[in-house]
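I have a structure I would like to understand better, so I am pasting it below and will then ask my questions one at a time.
By written order: A, B, C and D. Residues from 1 in each chain.
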Amino acid sequence: MNLPPTVFNPPFRITRASHVVITARDLAARRQFYGEVIGLILTAQDNDTLYFRAVEEACHHSLVIKKGTRPACAYIGMRVMTEDDLDRAKSFFESESCAAQWAEMPFQSRTLHLTDAAGVPLELCASMPVMPRMITAFTAHKGGCAQRLDHYQIVTPKVREACELYMAAGFRLTEYISPFGTSDLLGVFLQRKGNPHDIVFFNGAGPRPHHFAYLAPETHHLMHACDIAGELGFGAQVERGPGRHGLGHAMYVYFRDPDGHRVELFNTHYQIMDIENEPVGWDPSDPKISYPWGMPAQRSWFEQTTDFIGAPAVELARKPNPMTLETYLARKATE
Amino acid sequence: MNLPPTVFNPPFRITRASHVVITARDLAARRQFYGEVIGLILTAQDNDTLYFRAVEEACHHSLVIKKGTRPACAYIGMRVMTEDDLDRAKSFFESESCAAQWAEMPFQSRTLHLTDAAGVPLELCASMPVMPRMITAFTAHKGGCAQRLDHYQIVTPKVREACELYMAAGFRLTEYISPFGTSDLLGVFLQRKGNPHDIVFFNGAGPRPHHFAYLAPETHHLMHACDIAGELGFGAQVERGPGRHGLGHAMYVYFRDPDGHRVELFNTHYQIMDIENEPVGWDPSDPKISYPWGMPAQRSWFEQTTDFIGAPAVELARKPNPMTLETYLARKATE
Amino acid sequence: MNLPPTVFNPPFRITRASHVVITARDLAARRQFYGEVIGLILTAQDNDTLYFRAVEEACHHSLVIKKGTRPACAYIGMRVMTEDDLDRAKSFFESESCAAQWAEMPFQSRTLHLTDAAGVPLELCASMPVMPRMITAFTAHKGGCAQRLDHYQIVTPKVREACELYMAAGFRLTEYISPFGTSDLLGVFLQRKGNPHDIVFFNGAGPRPHHFAYLAPETHHLMHACDIAGELGFGAQVERGPGRHGLGHAMYVYFRDPDGHRVELFNTHYQIMDIENEPVGWDPSDPKISYPWGMPAQRSWFEQTTDFIGAPAVELARKPNPMTLETYLARKATE
Amino acid sequence: MNLPPTVFNPPFRITRASHVVITARDLAARRQFYGEVIGLILTAQDNDTLYFRAVEEACHHSLVIKKGTRPACAYIGMRVMTEDDLDRAKSFFESESCAAQWAEMPFQSRTLHLTDAAGVPLELCASMPVMPRMITAFTAHKGGCAQRLDHYQIVTPKVREACELYMAAGFRLTEYISPFGTSDLLGVFLQRKGNPHDIVFFNGAGPRPHHFAYLAPETHHLMHACDIAGELGFGAQVERGPGRHGLGHAMYVYFRDPDGHRVELFNTHYQIMDIENEPVGWDPSDPKISYPWGMPAQRSWFEQTTDFIGAPAVELARKPNPMTLETYLARKATE
């Protein structure tokens, strides 16, 4: 398998997936969904924007929701270690032919706006105002009790290009999907913070955001988030799970917020930091990839997403044909 | 709503759902499934039979699996309080025109074989040999860590007849399904032991056993049972869930064993003993009945069951038309 | 061992431990403790009284807190099946030389006030107004998420007398403590509802209420109740645990409310209904009785209690000498 | 407060706490303790040594137990990123007057032996043989289901000296204990991997190992480890907890293995990576430091430890006087 090389001494230091900026049609309604079901803490709000952080986060925000007429994702954010890293990041991305310009964003230090090799709008910064960690403010814990933002998943026809760019920037590849005997990369898990992923790219029409994911503390929090969703009228927003992933091994549940943004709560990731840990490859025909038990995800999970603002999605020449719940049930009916 | 009357001074005392007798084609394979995935303790075995009890049970068995060429259910069992109750039970059922005869069954005191108003083969006894409770034998706990047998669900066209017979025998109706404004009984939850059900009857071609259910201690045990199932090659046996019931409110997961017998693990039932607790009715069109969140059960959950030995199933004049996962997804595709 | 006989056909039917009536000096403060830490639902209140029920309870109250100048327990309550059972109960207790008179209590049907063989003030009734079960009102779940009242523990020099009276009234003895080779009864677990206990009597100066106990759904709820207690300034009220019982096998944590009333949250009890289940005896010198792991309870747990109103405690001729945490640590220091 | 400076561009890269090497008198007995109670996986063994890794670890070992006549700790281990980092580490430590020499250790790449500023014997390496992660080998999960080694705690009179050395080596200080208004450092939490600590130094006679800690997945695993300990005869080895930490906020339980080595299982740590996260200081008189609820640790937890081989402990001029369980109970008795 021809994989891009791991860069152990990267030109600058991204430290972690940091925050996501999305639009919503109804801020009051989204405040309820993310506050009560997902369990985020509202840090700040104004007429046009909600700023949420997760229960253990000391940063100002990991989810920014802006009022908009059409649901979309404006940016996904990464943290760099220092201001110096930010300057070096600009040079690096420009040398990789990625657009990069400075921006002023509220509640963030000097911010760099980028477009990555897949066309994803990225923003990088080194710091945010410090907020109290709510990890022991137990009376404020609600729903899924989201602990911290963990990763994003992006759909794109340019999985290999994205993989190459991010690995050149110091990301490590932990797991990937590739038909055995080929060099096709259909999915890549890339990380900086020492667990399976900060960002994931999957093959499909894009660039499009597939989901963003928060860590939840325990199994029962996944179920509790679903129960709260049901109680508050969001029962149909539980799109997949609770279940168990093949790749990455996490326990998961996926929600669609009422604008269609997909958010995952998951648990039980592993730590991966050591030099000897080579990327683990999976064949897409391995049934354990998508559902070690139970049934596959419904078609909407594979096909429905929002857009990135200003990044028109490109269709794939050969459309992916994953095993969906619909296909699974149709086959079962004929057995 | 015209419901049968509650009998607070019944002619004899059934105390609880007690045990189920099923057949399987491969005892060694079933030993693995019920031992490792469901977490039952093997009490005894011979060439033709496995006797299992659950983790906290001091009775000899709650699940008997007999070698057979065709998967079926031979009996569902109930306990009565004393030998006197058994004699009075015989008189009662005979007066209700139900066949009743004495039988000798291994590891059970004097046993009464009955056929109930729905044609279900029942066996009643007052005692079994005492076995050690394994509730604190933590090293022997496996998979779903099934604590105790709780209830059965039966499919039958004779829901009202069954409800009348069991209520006359002292069962209390806790919840039922009936189209509002009618007297049709489409589902009845009947209990003796003070929680929502020992036996449930649902409308459909029958009599057929739909499932038997063991209580599991905590949310994570449901997920762990699924994970063990996946690891041991039983991943496709997870038929429904984990999820949340509408009626009865329990958290659940359903497995089909490799012979097609359906077993439920569930948690968080309520206690119901007081005279003022009237039966709670649900309208079948209430979407919260079958899935407070997520998606409905796949068609197999509604339609596939095994048989009772010697009790040919009668088709319904008007076949039930529940909201299945297949229908749900088809409708969603056209929205 | 000379145990009182089990009465399988009792003269009347008590069904379960039902409610407790205590006094408190500060109702607003107790509302916070029982609402936020224990997780009870406030059903009703007036200037002098708080009525709480637990999360799954459909009865009006299981905890009544009345304003008083001195913390004490007024009554422990039991439910009977029907009004007829209440009349038969009066006859039974009078024939046992126990004072019995009718009383009118708010939110209870006709109530019988009794003094049992240990001097405990008891109240029996057949019904209460029905309230909604909050079992799926997940947004209202707090702290330990107490599900239902389960049992009381009483300290008395008259353990055998109490055991005889309650067994004559149809209670079954599930576990007991007795020095092997003697007929001394130092502790008895008595039940009507089919789990290890509705009422427990332990040897000591009394009659005094030791604790009342609510079932909690899962392990994490016990820890969460402690965490909430710590956050709200009740950290010192966690008197014992979380830990594991020897007798009864439950996982537990004990709180003292700020008036000194002791309340237990516990989980994982077993069901016990069958005629063949003989009482299980324990020798008090068995170290597994009080702490299968960790350390014994502090002295206050053994010695400090509130009083029953109007029931002066009688000292024991020979004071119990249990292994306390203080003794355990002193012995360990000299090893 | 006068704290050592954070070094964001350290001379070499330690990535994480990696492994600990201890001695035991009875390897077969320790195999049971660490395998069944803590839940480690045995990677390899020979006549003199056991090599364990935790459930999700892909490295060869995180716990090495060598047969010895006296229980002691031989080394605590850290990982560096690359072989280059190892060379730079040697130069760094030598420039800091710390002894450093190369060593050959089984199942580790080139290893550097160091003595740190507190006299602690350290070993650094860049890689180990890769083993299968057992994170989804659910049938192999036991007891506390230890996921991965997380940190060490060391007792030493040289807290400040250790803090200065480790911060110069790139460790970040996350939390510390210092009497407000002084510059005394009584406890420091130092980390490289982005959570509260890889190594902790507390004031006391030393250098001595206080404990090593494994992450456990959920609350119930802490309780299950205790229950298994009780069942297997290790009940007295549960020295403290389950409970909740003040500093670091984790849920914990501490075991002493039968040789006296102390091992912690804990859960719910936070992530800390951002430049704006200043060290958080605590005053030692704050009662929330050691027990947000319940009671303080018994004296043995503060005072009993094993030794480092070849590193004689130096007594403190002024012995620490923490609030112990013994003192707490004595004070309570006089109230």
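Methods note: contacts are C-beta pairs under 8 Å (C-beta built on N, C-alpha and C of every residue); 3 or more make two chains touch, one makes a residue touch a chain.
Being a predicted model, the structure only gives us computed values, none of them experimental.
Undergrad: Considering B-C alongside B-D, which chain pair is linked by more C-beta pairs in contact?
TA: Higher contact count goes to B-C.
Undergrad: Hey, which chain ends up farthest from chain A, C-alpha centres compared?
TA: Of all chains, C has its centre farthest from that of chain A.
Undergrad: Roughly how many whole angstrom separate the Cα centroids of chain B and chain C?
TA: 32
Undergrad: Per the centroid of Cα atoms for each chain, what is the distance between chain C and chain D, given in Å?
TA: Taking the mean C-alpha position of each chain, the two centres sit 42 Å apart.
Undergrad: Which whole number of Å gives the spacing of the CA centres of chain B and chain D?
TA: Chain centroid spacing, chain B to chain D, equals 50 Å.
Undergrad: Could you check chain C for residues that touch two or more other chains and list them?
TA: Residues 136, 218-220, 227, 231, 244, 292.
Undergrad: For this assembly, give the contact graph shape among line, ring, star, complete and other.
TA: The chain contacts form a complete graph, every chain touching every other.
Undergrad: Residues of chain D touching chain A in their complex?
TA: Checking each residue of chain D against chain A gives 8, 15-16, 56, 58-59, 79, 81-82, 126-130, 133, 135-136, 147-148, 193-194, 217-219, 244, 249, 267-268, 270-278, 292.
Undergrad: What residues of chain D sit close enough to touch chain B in their complex?
TA: Chain D residues touching chain B: 36, 136-139, 218, 220, 224, 227-228, 231-232.
Undergrad: State the interface residues of chain C toward chain D in the complex, per the touch definition above.
TA: My answer: residues 218-220, 223, 226-227, 229-231, 234-238, 242-244, 251, 288, 291-295, 298-300, 325-326, 329, 332-333.
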